[in-house]
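Heads up, the next two complexes both have subunit A, just with different partners, subunit B and then subunit C.
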Partner chain A sequence: MNGRFLTIAGRIWLGAILVFLYAPILIMALMSFNASPFYQLPFEFSTRWYQALGANAEIREAALRSVLIALVTTTIATVLGTAASIALFRYEFPGKQALRILLFPPIAIPWLITGTAMLIFFFGIGMGRGTPAVIIGHVALALPYVIVVVSARLATFDATLEDAARALGAGPWMVTRRVTLPWIAPGIIAGALFAFAVSFDQFVVSYFLSEPGDATLPVLIYTAIRKGFTPEINAVSTIIIVVSMLVMLIAARYSKFGGER
Partner chain B sequence: MAEVRVEHVTKTFGDFRALDDVTMDFPDGGFFGLLGPSGSGKTTLLRAIAGFLFLDAGRIRIGADWVEDVPVEKREIGMMFQSYALFPNMTVADNVGFGLRVRRVGAAEERRRIGEALDLVRLGDFGDRKPHQLSGGQRQRVALARAIVTNPRVLLLDEPLSALDKALRVDMQIELKRIQREIGITTIFVTHDQEEALALSDKIGILKDGRMIQAGPPREVYRNPIDIFAAEFLGEANILRRPGGSLPSGGVIHLPATATDASALAVRPENMTLSATEPAADGLSKMSGILAQRVFSGALGICLVERDGNVVKVIARDEDLPDIAEGDTVWISWKPEHTIVIPGG
Partner chain C sequence: MSAALAPRDRLRLLGLLTPAYLWLTVAIFLPLSAMLFFSLLSDVPFGDAPWHVTADNYLAFFQTTTYAKLLWKSIKLGLMVTLACVLVGYPCAYVLAKTIRGRAREALFLLVILPFWSNSLVRIFSWAIVLRGNGVLEVGLNAILPFEVDVNLMFSTPAIVIGLVHSYLPYVILTSYLALQAIDDSLIDAARSMGAGKLTILRRIVLPLSLPGLVAGAVLVFVPVVGSFMEPRILGGRVGTYYGTVIEDQFVAVFNWPLGAALSFILLAVVLLILAVTSPVLRRAQA
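Up next is the complex of A and B:
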């Protein structure tokens, strides 16, 4: 009886969590399909806000900029992060432990602090705000995620395979390309998806580092909300959520199940 | 194919001397076993020949080339690892063909040689499988095929059979020897299993604490161990006398002519005979003791005889043993030529 009670209580608890997590999102998504601009019920299905979105050049531009920044960030962070992970895995060098430990705090430091620090830094070196600064900032944020995910995958890699490939005549580059990279590919894909998500969803750092008129999508949404909420924002937010969740689902699939053979 | 020579090779890891002035010759086409307890440096020596580590001192020659400064991938070696190290994402054929692809031999040539190598290890039909679909013994054969398909100058095997169960291990020993003979490749392998070393090798090298204690044909090393460690590591030995010590009292022990006070004396358990009464024949060395334990292991009977607090082990065909029980007084005898003189103590 007690066990059954706990099971039921557990299910209710789980249900409550899911409701709190997803109900606001669901309502927002529903409202993005409601014809009324003032959230009036009864619900009347309409795609007018999505059409309005398509006609809104400002949002389109910001969306395009967000995707481009995310793609550039993903490419740089994935290449650098994978190379760093392999170096950390393969070689012993002075300060290796310190470097490993230093990789984690950026994940924990509030983005507000990181953003402020970056803003001061970029002005300090005379670079100022702008898309390059945003990209560098995003890469710095995404890099630890890539390294953590790729390193986790590398931990399951048998280093003897590299020895075997070398004994068969493969030079260092060939060993990496033919043996190491294929094994850690799921980790690299997962890391890249994380990097994309970090960049695409990034608000604080983008807000601090982007120039006015050069906003990414999250920054634009924030600015728009301050001027007055329109269901267009519901529509664009719904799109962002769907994209982000898809990316994360794929990332979870690769980082968790991808490697087992 | 090539001979290998290791000359005064020394390698330290921090304070640990993994290899200490090791010198050994591996003539062309031979099968060589490196053995020793764990930490003796046998695997380090193998990896030094392969090129996985830089030497602190010494030289290594493969064929006509001094290779100590040549990286692994340029040494033209074949190596088989204890874990086999098959590439898990590749098929058996791709695993075997890896070294050929690196050498760009061309697709047709590659296919032909993969086929040949797989046939040689009797896995002709397994090319399309993935490593995880194979048994331990099959994986071992794939690893061997992969190591020899590039026609390396020397084949290096790190504990090649240790991951297999006993019955399979014996089959694979025979198989390994057959393949090695067939292609005539100089082969050096590392093992901690002395029986395996004796069964496979034309020449063995015993290592201890990074030093090469003794090298030579197995029979010679077995019959004339250079010190007590070698005598006890390779097979079993009843030490009759340590250097400077005295012989067991109360028996008749004929000293070999070469024995000095500084040498140790030992007898192999299988060279001793057990009897219930004192053997009458002249010229035998003999002593008596109490039978402490008798173990039946199928073909063989193993007897532990206690005398003066020491235990002497005797191994014989069980049916050749006299009708004796634990606690009985028994006599041990052996031919004088079976007393081994160990010069190094």
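Up next is the complex of A and C:
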């Protein structure tokens, strides 16, 4: 076979996949600017759906709730995750490997299972559904991502720097604050952005844990879609996708998703 | 190397680790245990109704064929989606890792996996806009083609498969790309200089060396697809009854939590089985 032909075929393949990945998102975004409530073509530009969003208190509240939950989740998960990463990096102790393996269940078990299990447990201990339950769940899902990303950054850290600082008389807190943390800061930022994305985009666990009148944005959208959808949902969906893609683009500046750097 | 942690270091270690793992215990491991307990109950233990420990919920799975059939339907869906992701994603990862260089590769790689980090619900919804009758796909095709076509894929199995492939394709591309990138090009050059053809190189060098990454991607696709419920609901409509949607119903519609817990645990068993079977290959991916 001709090598040139294969190269071109490969490029076309890659291009086709990019079209497949982005076309529906772009079409959805485009339709949010279409005046017809029934997605009728030809296209007629209008911002009426975005105006409708502004007037929709339910969606506004859900959006605010989603952002708040994501911010709280990010803060807790980043602090706890960074602390755990430093411990796993700095100390040798029995059971370390087991602790690393324990990070996988939140990622590897389908969210349907963890979500329903949390629902049962939170009812069992009398806490029930609601925003605190959602936050507890989100932090657990985000923690492993933070630990993996921060640990990856720590792997590039020269531990002798800590020894040097200690030899010069720095205490453990000083070593952490002045030597370790500055070095792993890009990893922490990337981990925090991942945590934000995990929480902000989380649907399954929020769905089982949020109170009916107390829904997060994705849960509200899911309920709305099942009732029959309107371009208003396109508008809010477009905003969501722009926000989460921006967050990930910023994260990509700090972490290469496990790739080279 | 376990012995020599000074007491003070041990305290610091505990202080750093305990919060994170305590959180995981409360939010993941205790709930899973609670669910196991629930799956063995005759009724929810909250109200006044009497309840006792029973294996009935698991027996329900085996006595009627309904649940087993749905589980099989979900597994078939998982296999279909995984196969499609592998066939589409692996060549794409190869093109990215081995034929494109420099900044273009970085940018394209980012572009491919970026959608994966955006909201999956929203992306499924976007397919509903495209696939519905008189939707963008139909109108678009009819504008291009000289004859009328009728494409209403909405509420069908193909729609579910398309949506799920769209959701999980970046996983396979990501893991395969990382594995392919790690293959030393001089290995391929050496094989070529010794007269190996393109297919031989692919079969004897590239594929075996990148297999762990490919399998990892396949597992990451298969596991969530078997447990999916939102995608079949939105894109499948009436044909969208799967094992996952039945579990969802037990918790949000029928309120038979013990049965839902038992069905969830059977799903978990399937997931663990898949992970166990593939773990020898996956362990190579970590090394």
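As a working rule, the second predicted complex is superposed on the first by the 255 of 261 C-alpha atoms of A that agree within 3 Å, B and C clash if a C-alpha of one lies under 4 Å from a C-alpha of the other, contacts with A are read in each partner's own complex, and residues count from 1 in each chain.
To be clear about the criterion, a residue touches a chain if its C-beta (ideal position, glycine included) is under 8 Å from a C-beta of that chain, and two chains touch if they have at least 3 such contacts.
Remember, it's a predicted structure, so these values are computed and weren't measured experimentally.
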{"item": "Touched partner set for A:T160, first subunit B, second subunit C, both or neither", "value": "first"}
{"item": "Subunit B versus subunit C, judged by how many residues of subunit A each one touches", "value": "C"}
{"item": "Touched partner set for A:M127, first subunit B, second subunit C, both or neither", "value": "neither"}
{"item": "Partner chain in contact with A:G171 - subunit B first, subunit C second, else both or neither", "value": "first"}
{"item": "Contacts of A:D201 with subunit B and subunit C, given as first, second, both or neither", "value": "second"}
{"item": "Which superposed partner A:W183 touches (first subunit B, second subunit C, both, neither)", "value": "first"}
{"item": "Subunit A residues touching subunit C - in the complex, by the definition given at the top", "value": "1, 6-7, 10-11, 13-14, 17-18, 20-25, 27-28, 31, 39, 41, 76, 80-81, 83-84, 86-88, 91-94, 99, 102-103, 105-106, 108-114, 116-124, 136-137, 139-140, 143, 147, 172, 197, 200-201, 203-204, 207-208, 218, 221-222, 225-226, 229, 233-234, 237, 240-241, 244-245, 247-249, 251-252, 257-260"}
{"item": "Residues on subunit B engaged by subunit A in the complex (per definition of touch)", "value": "50, 52, 71-74, 76-79, 81, 83, 85-89, 98-99, 102-103, 130, 132, 146-147, 150, 156"}
{"item": "Residue numbers on subunit A that touch subunit B, as the complex places them", "value": "158, 160-161, 163-171, 174, 178-179, 182-183, 261"}
{"item": "Complex interface listing, subunit C residues touching subunit A", "value": "1-2, 5, 9-10, 12-13, 15-17, 19-21, 23-24, 26-32, 34-35, 38, 45-46, 88-89, 91-92, 94-96, 99-100, 106, 108-115, 117-123, 125-130, 132, 135-136, 139, 166, 169-170, 173-174, 177-178, 181, 198, 223-224, 226-230, 233-234, 244, 247-248, 251-252, 257, 260-261, 264, 267-268, 271, 275"}
